[in-house]
Structure formats: C-alpha cells, structure tokens
Amino acid sequence: MGIRVAVAGASGYAGGELLRLIAGHPEFDLVAATAHSQAGQPVTAVHPQLAGLDLVFGATDPATLADADLVFLALPHGQSATLAAALPETVRVVDLGADHRLHDADAWARYYGGPHAGAWTYGLPELPGQRAAIAAATRVASTGCYAVATTLALAPLIAAGAVFPADVVVVAASGTSGAGRAAKAHLLGSEVMGDLSPYKVGAHQHVPEIKQATGATSLSFTPVLAPMPRGILATVTAVPTGDADPRDVLAQAYADAPFVHLLPEGAWPHTAATAGANSCHLQAAVDVDAGRVIVVSAIDNLGKGAAGQAVQNANLMLGLPETTGLSVYGVAP
Amino acid sequence: MGIRVAVAGASGYAGGELLRLIAGHPEFDLVAATAHSQAGQPVTAVHPQLAGLDLVFGATDPATLADADLVFLALPHGQSATLAAALPETVRVVDLGADHRLHDADAWARYYGGPHAGAWTYGLPELPGQRAAIAAATRVASTGCYAVATTLALAPLIAAGAVFPADVVVVAASGTSGAGRAAKAHLLGSEVMGDLSPYKVGAHQHVPEIKQATGATSLSFTPVLAPMPRGILATVTAVPTGDADPRDVLAQAYADAPFVHLLPEGAWPHTAATAGANSCHLQAAVDVDAGRVIVVSAIDNLGKGAAGQAVQNANLMLGLPETTGLSVYGVAP
Amino acid sequence: MGIRVAVAGASGYAGGELLRLIAGHPEFDLVAATAHSQAGQPVTAVHPQLAGLDLVFGATDPATLADADLVFLALPHGQSATLAAALPETVRVVDLGADHRLHDADAWARYYGGPHAGAWTYGLPELPGQRAAIAAATRVASTGCYAVATTLALAPLIAAGAVFPADVVVVAASGTSGAGRAAKAHLLGSEVMGDLSPYKVGAHQHVPEIKQATGATSLSFTPVLAPMPRGILATVTAVPTGDADPRDVLAQAYADAPFVHLLPEGAWPHTAATAGANSCHLQAAVDVDAGRVIVVSAIDNLGKGAAGQAVQNANLMLGLPETTGLSVYGVAP
Amino acid sequence: MGIRVAVAGASGYAGGELLRLIAGHPEFDLVAATAHSQAGQPVTAVHPQLAGLDLVFGATDPATLADADLVFLALPHGQSATLAAALPETVRVVDLGADHRLHDADAWARYYGGPHAGAWTYGLPELPGQRAAIAAATRVASTGCYAVATTLALAPLIAAGAVFPADVVVVAASGTSGAGRAAKAHLLGSEVMGDLSPYKVGAHQHVPEIKQATGATSLSFTPVLAPMPRGILATVTAVPTGDADPRDVLAQAYADAPFVHLLPEGAWPHTAATAGANSCHLQAAVDVDAGRVIVVSAIDNLGKGAAGQAVQNANLMLGLPETTGLSVYGVAP
C-alpha cells in the first residue's frame, strides 16, 4: 500500500509530466487527477503519451483531494492559495504555482497583482539548509522554472562572495511548453518553429523570485522563446570580486547534490541532455575580454524546472531518498 | 547482486538509449560498454545526457564481454556475427543489428551483401508464440525499427485473413536518429530541419524482414526522413478480404500485450506520445473512397524500435516480467 | 501605373504569402488587404515578416474590393461564393478556397456540406490545355495544396495510360501552416514539434478534387501533419500498365513547365528545397519488390500549393509571362 | 547585357544563398561559381533548392574569376587574401570572410592566427559615412553575421553617448547554418533539434570585430546554437548614461535605412520574420529592475548576416540602388 498522491490541475504540461512521474514512482499511488474544463474526460484524451493510464479527470475541489496523503498543485498562478487553505493540515502540499514563493508582498502585488497568500518553505533543495527545511514542512512552494535554472548557476557564487550581487545580467531561453497549453496564436507550431523571440523584456515576473533566491540586488533578466518543446538554457553573467575560480565554487556547492552536474572543463550544457530528467547541467568560465564570470545552466523546464523538482520536494517531505522515482539521465537525442 | 549486462557498440544512438535503460533497470548491473573509435573515452563525452554515469568505453572485443551474463550488440549491420560467435554459449546475446534476422540467405545477400550468418530467434514478442520462443533462447535477433512499426500494424490482419497479403503499401517516416550518428552532410541539422525527403525508394533493405515477419507477399515500402530526432510513423494500407473490422482484429491480437495500445476510436497515433517509451500506438480505419484498410502505428525508433525492444527481449530471456525497467509512458510534449 | 490587386482574407498564412509575393511583383500594385476580425489593424501586427509594408486591413466587403483589377480570395472554404458573386464581372478573381473547384455537386455536399457554388476554370496550369483556359477566364479556382502535389505527380501517368487509374495509394505529409492560423491546442508548437500524426484518415475532403484532376477512379489518401512550418511531400503509388518508364512520361509532360522539375535520376525531392518558391520537385521509380510505380513530389504548401500558384494563375489571366514575380529557387537551408 | 558576377566558395550555405540572390537580381549575370572539393559537379547536386539553375562548379582559381566584373568571396576564414591578391584591381571584390575586417593585426593573430591580410573598407552600410565609403571602394570586407546583429543594435547608442561603451553584455543565438556545411557530429539534426547550447564561451572570434564596429570597450559575448536552420537573435544590454530613450536614438539612426526596421513599441523581433530577407528588426527597452538598456535585434544570418549584406554592398559599389534584387520581406511562417 503506497503513499496516496493527487494532482490538481493535471491537464497542463507540468501536470502531465507529474502524472508520468507519479505513475513510475515506486512508492506513490496516483489516486486522483483533477482538471477544470476537462473534468470527466479520460486523462489520455488530453495526454496521449499516457496511453495505458486508466484514469478520468475529476473536478478541482477540496473533497476530491482531501483523501490523499500528498497533493501537487499545478494550477495557474493565483489559484493555489484558496484551494490549499481548504485542505487539511495533515495533507502535505507541494505547490508548483507562484502563489507562495515570495516573501515580499509588494513584489507579489507588483508582478502578479491581487492579495498575497504568504510564503511557504521554498522548494529548492540545493540551497544551503533547504533540504532540512523542506523535510520538516507540510507546505512547500516549488521553485519556478527560470528561477531554478538561474539560481543553481548564481546563488553559490553570490553566497561565496565570488561575484558582486549587483550588475547581474541573465538571458534565458525556454522551450514552448513553458508557455503552457492554452491555445494562443503566437504559440502555434507554424509561428514558433524556426523562430527565436524575446518576451516580457525588462519586466518579467520571475525577477523578484530570482533575486530572493540568489541574493542578487540588481538583475537584468531577458527571457526568450525557443523552437523546442522543452528545456531552459540560462546564460548568467556577473562581475567577479576577485580571482576565485567559479568552477571551484560550484563544485563545492553541489558536491552532494545528486541532480546537479558540473560538467568537465570545456564541455558546455545542452538542454537536450536534460530532457525528461530532473538534472541541471552547469559550466562556468571567465570572459577573456570583459572579465565577467559566465555561468550557463541547462534544465528541462518540465523536469527540474517543474514536475521533477516537485517530486524531489515531495520525496524529502515524506522522508524518502531524494532521488526516488526520478531519473538523472536525459532522453536524448 | 544484479544481472551482469554489457553493451557492444554503445557509442551510437541505440547504444546510448540502451545505457540509459540499463542504468535505470532494477535488475541489471552495467558492467561494460564498448565502442570502436571512442574506446578509452568517458561515456559522457559521447552521451552528455548520461552525465553522472561513471564509465569509460572499452574496446569491442570478446574478452571485455565474455564476463557478462547478457550482452547487447548494437553494432553496424554485418559486424555482429563474428563477435557473437566468439562469445560463450552461456552468455545470452540480444543482437540489435540485422545479421541474424532473415531466414532467407538470398534476401540477405541481395539487400546487405556478404555471407549470411544464419537466423536466430526473432525478437518481436508480440508475434504469436514468440514470447515462449524468446524465453527459451540464448540468442535473439531483435527486430528492426521499421519492421516493428509495420509488423505490429499488419501481421495480425494477415494472420486473421482480414487483408490480402499481396498489394500492401507502406509509407513510413522516421526521425533522424534512425540514420545513425555518423557525421554526414545530408543529416546536418541545417539540412533536415524543415525538410521531408524519401530515401532508398523502391528497394529498402527492411523489405525482406517485413515480409518475413508479416506474411506479406508483395510489399511497396517507402521510407521518409522526418525533421525530428525520434519516432516512426508507419501508414500501412492493404486490401480487405471481407467486412472484418480491423480494430477488432488488432484488439484481440494485443489484448495481453502491455506495450501495444490500440487507441480509442477516432484518436490517431502521435510519434511524440511514444518518445522515450517502449510503446506502440495503433489505430485503424477503412478508407471511404478506396475501400483499403489503413492502419497507422507510432513508435519511438530508439525505444520499441531498438533499445526498448531489446531490453524487453532480454527480460523474457532472463525470466523477468516483460515490463521490468521499461516505461509505457512517453516523454511529451 | 501597375495592375491594381487586392487580397480578401489576407490575415491567414496563404494571405500573408500572397501579400509578400504581390509586394515583390513588378507589375502589381497592392491596393487593399481585407480581414475579418483584424480589420483596422496594421498588416504588420499580424504578419511581422512584412515589416515595412504600410497597410491597414480593411473589412472584407465588396466595396473595398470592387475597385481592383484583380482580387485574390483567401477565405475559409465556403465563404468565397457570396463575395465573388458581388464583384463586377470586369474584376478578375482567383479563388484560393475550395468553393469553385469541384464539378460534382454531390461530392461538394458530401465533403464540405452546404450548397454548391458551381465550378470555375480549374487553376492548375500544368494540366494539358489548362494554360489557355486560364488565360481566357475571368474566374479561376486555384488548386488545393494536396491536390497540386498529388496531381503533378500522378496526372501525366494516368493520361498516358502508364498506370491504372484504380488502386492509387497516396500518403502526403504537410507542414503545419497548411492547418491554418486559428489558435487550436493540437497545433501548438509544443504539440507538433517532434511529432508526426495522421488526420482525417479514410475521408479527406481533398479526395474528390484529386480524383477529378488526376482521373484516378479509386484513391486511398492519408494526410499526415509534419513538424515543419511549410512543405508537402506526397508519396504516390500506382500499378503500372506496362513497361513505360515513369520518368519519361513525366519529362515529356513538363518539358515546357517552368515550375516543375523532374530531378536527375537518383535524387529525391526535399520539401525544404521548395520553401518560398513556386516550384514542384518530382522523382519516380518502380518498386523492386511490389512492382508499383512510386512518384514523390515536393512543394511549398504556401507557394505552389497556394499563393504562388494563385499568382501564376493571375499572371496567365492578365497576359503576363507565367513566371513574373515568382521564384523557382527555394530558400534553403 | 548585365554585370558579370562570380562567386568563389559557392558550395557552402552563404554561397548557396548568394547564388539564389544573384540568379534573381535584375542587373547581375551569374558567370561562374567555384568550389573546392565539388568542382566539376552540377551546382544543383549541392544546392537542390536551385533546381533549374544550369551551372557546374568550377575550381577556385583566379583564372576562373578574373573575367567577372564583381567577385564574391565566400571562402573559409583565412583563404580570401591570397585569392583576392591575384585578381586584377579592376575586378570589384566583396569578401564574406573575416580576412579583411580587422584594423588590428594583433587581434587577428590572437583570434584567427596567421599573418594579417590588412583591412578593407568595412561593409556595413548603415554605419555613419559607410555608404559613401563602400560606393568608392573596389574591395569591401562584408560584416560577420554576429557583428551585423550586434552592431546595428548597439553602435548608434554608443555613438550618441546614450550608453557607456564598457560593461556591454551580449547573448546571441544563431541557427545552425551559421556553423557551416562541414559534416560534424555535433551539428547533426539528431543533436541540434530540441537543443540549445553555448559555444566558444568567453573567447569568441567575433569580439574584436564587434568592438571595432560598435566602439564598445568591454564586451562579454556569449554565442548559443539554436535549433533552427537560419536566424540570429542578439540580446544586447548596456548601462545608460542618462535618460535618453533608446528607441529615439535608433529611430533617428535608421530613418533612411531601408533594411533596418525599428518595430512599433511593444513588438519584439522574431528571427523567423527575417528569413530569406535582408532585414534587421530592432526593439529596445529599459529594464525596470536593473536599469540597463536592452536592445534586441533579429536577422537572417545568411541574409543581412551574409549573402544579402554582400549583395547590398555590391549594389553600392556598382552605383545601383541599395535595394536592387533584395527583399525586405521575410519568408514566414
């Protein structure tokens, strides 16, 4: 008899990936998957990759979920708080949405609007002390996809005093699944194949989360939509404080992190190498001409950037080995 | 102490996928991976998606492999026979190459050239009686990727007498990993993205294998290279003998096959839904105008078309449940 | 002072390509572009590739169009007839929709529904006698994209008696722009990249048009959606009547056709090689095993399959050289 | 009788695009196309998109080229100087290679190695005064693809004193054709589709050219390989000196530049919108959090980044309108 797990908002891309991971998890029993407009439909009508999974979407209401030991919330930003408040404290909750990530209510209001639901334990286990905090929590706010990619590259360097926390410049490109499953003309295959384009330039809602998680005090963040279904490549540059080798700092920070791989010198991350996995690949160098530190990270935005990360948090909350049911190996080519 | 498994020819795409599956298999211990020109290099230098796998390619010689309980051969066509002959009978062997698939030495000579190595037990467990044959064998010739996709769609219809074995027309499109990892100009990303093109039209080497496996007596087979890394979509048409519903025939044939999914009526296969999995998705209809039966199948050419299939065969040979270490769920989107 | 040209339904993909071709046509003055929901918006808000074209979408009504010398209709199927009837006879009209292609009112009713608007001169100049018919017409029904690809491959063989008109099997894969610009979830980039999937299997609405244009009496036609923005690759197979070389038949049929290229023996068509051009590339062979004739054609579905073809028809109607303002060279890689 | 034009190194991607543009140019007669290993082969064997162009590659020697009025050199870096030196002064030469771009011999030696051939007139017509210089020259060094994208975004801001020339950070992603046509494993379609990866991080050879062309004194430049055949998206950030609106500066700089389009406020560049064209699309904003100026530019690396740019330079050298034979409209979707 396994741990009873439910997913709210299971019809989106992160939701589908959660279902795949839960179905393959040796300790989890998938007891419910809810959806809004697709309630009543078979899960496989929305997620054909799950052919063989015999389950029908339920409606997203607390009654459907309260019976589970652990609930994943994969709802649009702003919809988690109400639902979470209606669940018993005994039910562990991992929220993949942004609702409970920010400590700063003003930043929430400015970037998301509406009342702030308050912060939960921040679900990025690779941050110092965070594994223990997550293990002790019953409510965890899982990290956003761009924040995972940027924070794993940058946070150790700022923490070690190796780079200045101001003048951080990040350009991060994401596959299209990061933009969700809603049918929008600018996300049609005809539009995105063969195309690169930036969006929300100069004011992306992930900035306050990244600053909070990394300790950066000034952050220029430009997201780019890339012609691939999955993956984030974040190019993070900052000004070094001295001569510390950024590779040494990263190697030390992630010595015991099973999902973060500092690549051998000279090898640079490929997003494709992380597809379907919960891995983050990192490499760093110092720019010959400008003297800036450049760290590049690659993740699967639905893996370590969403569903994989959420399962990793759940494992910790439940006292399971962090890696249970997760792969470090990407599906490539 | 697990089953000791080795892979010969592990630097190619099928080899890389085998390593990924073996590393995640609960009963297998990966003891050796050999390669020709990359011998001595870390596996991750060739397969960055396996970051975290601490293994160096060995040379492809019998001494390296003889110590394993089971060896997968993922060598270029024509190179398996000599190596296999040098391995002790006690070592189980699954050959992903074409060398031991054909019963007809003439067909081998005509399509591949050189001496025929003789046929092994044919490794497509979903064919009638084949699970038992594979379980009893120590040498299994795993099915070719196009042959898997076509045979699963067609063989039950011919066997049931629902379609005539002559006048079978197949057009099958494959992702580029099916063409291998050798650096060739026509396989460059710049060439294949945005492009569809047929190849080996009128004389593809998989024709004799497909005829042997399906019972077709006349087969027009046109392969097409498609702009995606993985996946085969086979469109198989044949002339019905009567009014049998092809869906009924397929449903009955695969009632107990865990990896073959006949989709609900009206849903057609998507190759993306099988990516990274060992699944085959099927659908069938009768053409309103022409009266032909049309069956469409989708697989991952590296999954059910190569490495997944090979592991499924190995599981059967070793007395393990057929599904051990294999996923039925695709990594999509 | 050039020829005054207008486009009705210019906000779709074929409409955008028409605008690009008209803007570069040495004899055309673009005087109006109409759209339904985008009326009042700048053309470049919908078609960013036309940056520099200073034009606002008008509403799609006869008053806007009646002032032109020639009007292209790029409207959804079923909407051309009413609009065309409201235009003066002196205005030449090229319809890219299906409304006026079919002679058979029953076939129209069966595949499209609604009343049949009656057939116009069929706009495929490469059919015998059709150049003269188009030159003499003031109303031309331009060919559908799948019909162009299939007819150019097949019609000469049937006309020459080289293949039987029954038992024709076609599998044709199209880029996503063929499915239009409406925002639908199954056409999202996340869904189509890495994916091949058939649709409308067994009953595609292009079947009656293809039969009419080619003389085929029985046609199995399976369309497939391919992960690329543009291009159609049609694999056409039929049973030969004798020993005629299909290449000879095609070479003779297109000796004077500037846009149809029979490739050198052994070279097979690539859709990418036709991107942005009005070309059709062809190759043929006889299948060694099955004895069927296989002809493969490649076009750009928005070029020779839609906008390019329409401009070619317009050139003929206006007494201009057929090739004016059109390219035979593709934009590749 | 047109202007006699030849292309040396016509078998690569930039060479193929040059042939396409020359074949469609109303004033040019293509008299020769040379290639190294493909000499003697039909041009269409290498460039199937040029089907219909009846030309055979010649050998790359001065005798073949000396007879032309204008020669384009599309050779690997380091091979232009010797060939150019052997051509009569009366033959105008546009070099698409890097050999004659840099004024600084040390920078050449450091990034390219070997002796420096000396600088020619720099072929970026949109720089102040450069149109006249190009028109007066018989030898022009056409700009590199990354340099075009970065310089058009940045140079006017530095020239106007709107941003500081130090602390410039650029992340620029390119389609795969920028990496050339040589068959390399890491450029296979299987590797690049679905993948983003940086390369030459911290020390790219385009840095000195970009510094020279823009006036930047410190430049962090990270190139990324993107899964598309064509296109460059450059994200350029710098520190503003005051409150000048970067859009005003760009609007004024390019008021008379037919190929550079500052997009309407809020619209950001798409590489796909420039495919096949000689356009550059620009947009700028000031980052809310970091206060940096962000300018994003999109070009077709083979168009405004190579062959289109070269034809634009040739037009100026020959006294033709700058836009002759070039399109401002992209082939999209």
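Think of it as A, B, C and D in the order they're written, each chain with its own count starting at 1.
The definition used in the following text is that contacts are C-beta pairs under 8 Å (C-beta built on N, C-alpha and C of every residue); 3 or more make two chains touch, one makes a residue touch a chain.
Treat the numbers as computed from the prediction; the structure is a model and nothing was measured.
**Student:** Which chain pair is joined by more contacting C-beta pairs, A-D or A-B?
**Tutor:** A-D is joined by more C-beta pairs in contact.
**Student:** Let me check something: if the centre of a chain is the mean of its CA atoms, which chain is farthest from subunit B?
**Tutor:** D
**Student:** As a quick test, compute the distance in whole Å between the mean CA positions of subunit A and subunit D.
**Tutor:** The answer is 38 Å.
**Student:** In angstrom, rounded to a whole number, how far apart do the mean CA points of subunit B and subunit D lie?
**Tutor:** Between these chains, centre-to-centre, one finds 44 Å.
**Student:** Two or more other chains touching the same residue: where does that happen in subunit B?
**Tutor:** Subunit B, residues with two or more chain partners: 13, 175-177, 190-191, 193-194, 227-230, 270, 272-273, 275, 332-333.
**Student:** What pattern do the touching chains form: line, ring, star, complete or other?
**Tutor:** Complete.
**Student:** Given the complex with subunit B, which residues does subunit C contribute to the contact?
**Tutor:** The contact residues of subunit C facing subunit B are 167-169, 171, 173, 175, 190-191, 193-199, 201-203, 207, 211, 218-222, 224, 226-231, 233, 235, 237, 268-273, 275, 283, 285-292, 294, 296, 298, 332-333.
**Student:** Flag every residue of subunit D that touches subunit C in the complex, lowest number first.
**Tutor:** Residue list for subunit D touching subunit C: 13, 16, 20, 23-24, 42, 44-45, 47-53, 176-177, 193-194, 229-230, 258, 261, 263-264, 267, 270, 272-277, 279, 281, 327-333.
**Student:** Of all residues in subunit B, which touch subunit D in the complex?
**Tutor:** Its residues touching subunit D are 13, 175-177, 179, 181-185, 187-194, 227-229.
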